[in-house]
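Consider the two complexes below, in which chain A is the common component and chain B and chain C are the respective partners.
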Partner chain A sequence: MQNFIFLIDRFDGTNSWRQRYEFPHKPGMTVLTCLIHIKENLDPTLNFTASCRSAICGACAVRVNGNALLACDTMVDDLREQWGDGPLTVSPLGNAEVISDLVVKWDEKVNRLRLANPGLHAKKEFSAHEGCRQAPQDMQAIQKQWDCILCGSCMSECNKLSDSSKDFLEPFTYTHAARYAEDSRSRNPLEHMENMEKSGMWKCLHCMECVTKCPKGISPAGAIASLRELAFKAGHTDGPGPRHADAFRTDLENTGRLNEVKLVPRTEGMVSAATKRLPFTLRMFARGKLGPVEAARLFVADNHRVEDHDGLKRILKANRK
Partner chain B sequence: MQKTYAFFPGCVLHAAAKEAETSAVAVAKRLGINLKEIPGWTCCGASHVQDIDPETALLANARNLALAERMGLTLVTACSTCALMLRQAKATLLDGRLDWANERLAEAGLKLEGTVEVRHLLWELADGCDEWAAKVSHPQAHLRVAPFYGCHTVRPPQVMDYESHLNPQSLEKVIRACGATPVTIPERLKCCGFHAVFPAETSAHRLTASAVNSAAEAGADCLLTPCPLCHMQLDMYQPDALSTACGDTPVPVLHLTQLLAMALGLDAKAIGLGRHIVDTKPLLASSGSA
Partner chain C sequence: MQSYDIVIVGSGGAGLRAAVGALQTNPDLSILVVTKTMPTRSATCMAEGGINGVLEFAGQEDTLEAHSFDTVKGSDYLGDQEAIDFFVEKASEAVRETDFWGTPYSRRDDGRVACRLMGGHKHARTNYSADKTGHILLHSNFDYALKCGVQFRINSHLLDVAVEDGVCCGVVVRDTNTGEVTAIRSKSVVLATGGYTRMFWARTSTPYIATGDGVAAALRAGVAFKDPEMVQFHPTGVANGGVLITEAARGEGGYLINKDGERFMANYAPDRMELAPRDITARAIETEIIEGRGYGEGLGAHVLLDLRHLGRERILERLPQIRHVALLFENLDLVEQPVPIRPTAHYSMGGIDVIDHEHMKTPVPGLFAAGECSCVSIHGANRLGGNSLADAMVTGKQAGIGAASYVGGAGLKGDSSLEKLAAKWRDHFRETTARKGGATAPELREKLAATLWDGMGIFRTEEKLQAALDTVVDLQKEYETAVVGNDNPVCNTAYSHFLEVGNIFTLARCALVAAVARKESRGAHTREDFTQRDDENFLKHSLVTVNGDYHLDYRPVSINRYQPQERKY
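Moving on to the complex of A and B:
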């Protein structure tokens, strides 16, 4: 077997560079055992974090060829199956400030995590003496999210976070909010959701990087969806996010298909549709993306109802009984 | 290829992305593929209905799947979000919600066994590459094409498991079979921003601009996507995106089947090349851009 070649992104506080390390292949090595091998035998100045070596502490997440993973839980031979036997590039997690080499800064992220109001505030009927009983199926609903080890893999390639962290949180923060909000023992689920609503909950792009990268199979995007559902059902239906989603549901129920002409006014209101979006609409007409006659018909009337739309209505009605 | 599919066009192929439907149908016809539209299909929920009313979305998709299953054919869709929503729904239904759904589907005389396969048109075309490559009469050798997969084409890999989500090659395969040259851009597997273009408009536009600017810098003649929603974002919103993020070189965006149609020598009008916001004329071999 060919030697392992690691190209590691280094940073000493001032300078950044990419450094090459080559060492003999041994079967059964994880990314972490390789990093330890480098530090012990080739370069004691290399910095990285790790502790449990058992995929429990969450300290060892890094990026290999641009994708986050747990160093202690990833076999290099498996990586070679994906990427071939050539060099592997190892870099610190994305969407995080680098302190040194593969070590990133967590302080600010932990502060932002507090926005989720982590911690269970139990319903009145529970007491310290009696405890908080929970049915098995209620526990199952939140069990997965309790597996979060705060490794940060979900934030590393989050497309929304890469664009801006000013109006969006690390995906795991939504996971933590959802696990309290959805807990059947929670006194006030909304107290975990409301800060999320103010901090980007409707701005998730549905890019699915978080669920793809989570080593514990958790879906932060799914947590965001359940927080949105909670908000919507609690009557928080204003704003472009909820209105947009509601427009889709209205069309699905009314005719079966999306009415693209009504989508903008339903999402942003008539004024915006008629002013801010005007250049867009005119462009659509000019290039034949939308015919004015058809647009007018869709605006005053609607799509034709799909075949057996009555059947669809009966199905949905049966569910609301 | 002589195959018949239950075709799920999805809402936008009947609306702003009509050209994606015309070109899919034209290509299918030329390749001997029969796309039989599923009668009465509805919106897949587009990930939005799923957010606020997951049961309504799940039932609508149970109905969509049951309609296709009744045809006894593999369901094929030309939209990545539709593919993900339908595949996700099938997985959820098979994981303990099938009886629940069937009780309700019975109201419309439908029943779902859960045997129907859900495939992306991209996967069928990539699998059939060796067969149809022989029919390529107009190799697009003058074109450098930047593939843009779109998130839901490959993620999450638990549901979209056709190929490696870290390094998919199906689009490159199709591009090469059309005689064109793939050009890799850093945004190849990134998000176009479409699903949050209203609540996170600036982010969406910057993501779009980033893909367009990279394609321009890499000397690509066009972007190519298998997802009509990515297409809407990258093409329809491109002027706004470039003005948000200070890009100055527009890059045309092709639907997957449009490139194929060009390689098969189909008429540019018939495949809606004029229905784009960013001008596609420079892509035609006769325009002298070669």
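Moving on to the complex of A and C:
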């Protein structure tokens, strides 16, 4: 087999560069054993973090060829099957401040995690002295979200977070909020949801990167969906987020097709749509993305129904139960 | 200079529980948790089995007394009985309390916390959350600490504990991010830095960070290292590195096979075969290797764990995690091939000398210790499964309460001692990182691990221990001139590791000093030249202090209820 070649994104606090390391192939090496090999045999200045080496502490997440993964849990031979025998590029997690090389800063992430109000506020019938009671299926309902090891893989690849971290949180934060909101022992699930509502819960782009990158198979996007559901159930239906979601639901119920002309006024309100979005609409006309006649028709009427719309309605009805 | 009421070092189960315990005692205290990694990277997360604690319910046959007795017996009578009585009572409380805070335990149909039977226990009292209780407990404690507003100083490495006029007055830490050495003034300090099993670097199931930094700092501050020779070995770690293959593999019917293809447990425990207790199985595997019936040589020597006869379906259904570990570390599929295994260093029973189990006080006023780095002793010469998470929760909480109760009468002082220590460490960085040519810390660490495995492993003799001690003294000298290889102050993880290796050298030497002198076999300390337990001469704790020289002293074990008897199962 050919030698391994790692191209590592380096940063020493001042300068950034990409450094090439070449070393003999050995079957069964993980990304982490390669990093350790480099540090202890080729270059002691290389920095990364690792602790348990068995995929449970979350310390060693890095990006390889732009995708977050746990270094200890990934065989380089498997990566070669995916990417070929050429060099692998190893970089620090995305959407995080880099301290040096592959080491990123967690302080701010931990503080933002506090917004989820983690920690159970148990129902009145329970006490610290006697503990709680919980049905096995109620524990199983939250079990997956408790697999989170705070490795930051979901954060690294989140497209919304790359756009702006001012109005969106690291996806694992929503997972944390949901695992307490959905716990049958919880006194008031809303206390875990309400901060999330103010901190980006409705702004997820549904790109599903967090779901595909989680090394533990958790769905932060699913956690966001369940928090949204909780908001609706609690009557928090006002605001662009809930209205946007409601517009999708109504369209599915009415025709099965999304009416994109009405989507913006229904989400943002008529005034905002007519003023803020007008230039955008005109550009769409100019580029031929939308015809004025078609737009007018959709505005007053609606789409044609999809074939077997009754079947869709039955699905929606079953889902609501 | 930054000042706090309490500084807690370490963010594993014990450290987090200490922080919460202190704030529950007095929410107005200023508390800082100093941690060399992001919290939640600690060994706590690797515990799988569960947390012991006897719960009350109709028809419960188990009692606190039974848990206490099993722990005393398991400790081979080196555990302090008064402390163990206190521990089992608080362990039961800890399970109910963490349940109330949100720890998602597995449940029985009636909604109670589920528990399982573990080795050495008469009753099922190990409460669990599937097979990742440690991870779940660690994260629920972390979440609760966030809820309580606990503040963290992440990526700060403990360098020293400062003591002035015999009283603890703070810590000196190195911010790994920037390289800055900072003195932090504090009325009290809780050390919760974890175990020291990384002295067996190449053969341990514990995380890379378990380098006993707190025990070493306490030694430098004049506090004794109690029972350092007591290290627990788990029988089945993967040959390559020592990550655990859980007991479930043998529970499901796995065979242990030597080079001749023989199920050798027939010669050691013919009735129970592979299901014999941990220590017997571990000794059997080592005997096979020593007598030439293993594969490979040196630290890589091993026997095989064969699961093939269980069939693909059962392996995939019941043991997927073990299959994954074998693939990751040995690059083989145990559906088709047996996996190389050997015992692995698993837990540190010894630790920082604690003289008051209720408040986890060390002999230095203001200095407290909790979790695996501390030694009351609850586990004596051998820890029972499920007692480690209970230890982290109970001793963590008690240390937090202890520190919070202490600070009322304490003042902030010790600036000159703190500054002096900080200056010493700034010089240390300059001096060590300027060195050119010499051994590296990783090289010395590997030599230390091999020396300890051969000399202070599962079978010990005067001759082997003494030879190991001589080698360690030589290696320590070599360490004095070893190179770091990186002089950049920013995020210099090579220097951090250099410090860690220095710590495990000190701790290994303490362990050897105590092990040579303990001329008996007790719990994890198996002497081939003294095969019996000797209560007349050694029913006492070893206490090693370092002041230029290594000095060994003893303290009697507290016995209030159970007179020592032969440990038979």
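One rule holds for everything that comes next: the second predicted complex is superposed on the first by the 268 of 321 C-alpha atoms of A that agree within 3 Å, B and C clash if a C-alpha of one lies under 4 Å from a C-alpha of the other, contacts with A are read in each partner's own complex, and residues count from 1 in each chain.
Keep this in mind: a contact is a pair of C-beta atoms (placed from the backbone, for glycine too) under 8 Å apart; a residue touches a chain by one contact, two chains touch by 3 or more.
Given the structure is predicted, the values throughout are model-derived calculations rather than measurements.
Legend: residue contacts after superposition of the two complexes on their common chain; A:E22 is shown touching neither chain B nor chain C.
When the shared chain is aligned, chain B comes close enough to touch A:R314, but chain C does not. When the two structures are aligned on the shared chain, A:P240 is found in touch with chain B, with no touch to chain C.
Contact with chain C, but none with chain B, is seen for A:H129 once the two complexes are overlaid on the shared chain. In the superposed pair of complexes, A:D78 makes contact with neither chain B nor chain C.
Look at A:E40: by the touch rule set out above, it reaches chain C but stays clear of chain B. Listing the residues of chain B that touch chain A in their complex gives 11-12, 14-16, 39-43, 45-57, 59-60, 63, 103-105, 107-110, 151-152, 155-158, 164-167, 190-191, 193, 195-196, 198-200, 202-204, 206-207, 236-237, 239-240, 274-277. Residues 65, 67, 82-83, 159-160, 163-164, 167-168, 200, 202-209, 211-212, 219, 225, 228-229, 232-233, 239-242, 244-246, 248-249, 251-253, 256-258, 260, 267-268, 280, 283-284, 287-290, 306-312, 314-319 of chain A are the ones that touch chain B when the two sit in their complex. Within the complex, the chain A residues that touch chain C are 12-14, 27-28, 30, 39-40, 44-45, 47-54, 56-59, 72-73, 75, 99-101, 103, 105-107, 110, 113-114, 117-120, 122, 126-136, 138-139, 142-143, 146-150, 176, 180, 183, 185. If you check the complex, the residues on chain C that touch chain A are 37-43, 45-46, 55, 93, 95-97, 99-102, 104-113, 129-130, 132, 135-136, 139-140, 142-144, 146-148, 152, 154-155, 177, 207-209, 241, 243, 325, 327-331, 440, 442, 484-486, 488, 490-494.
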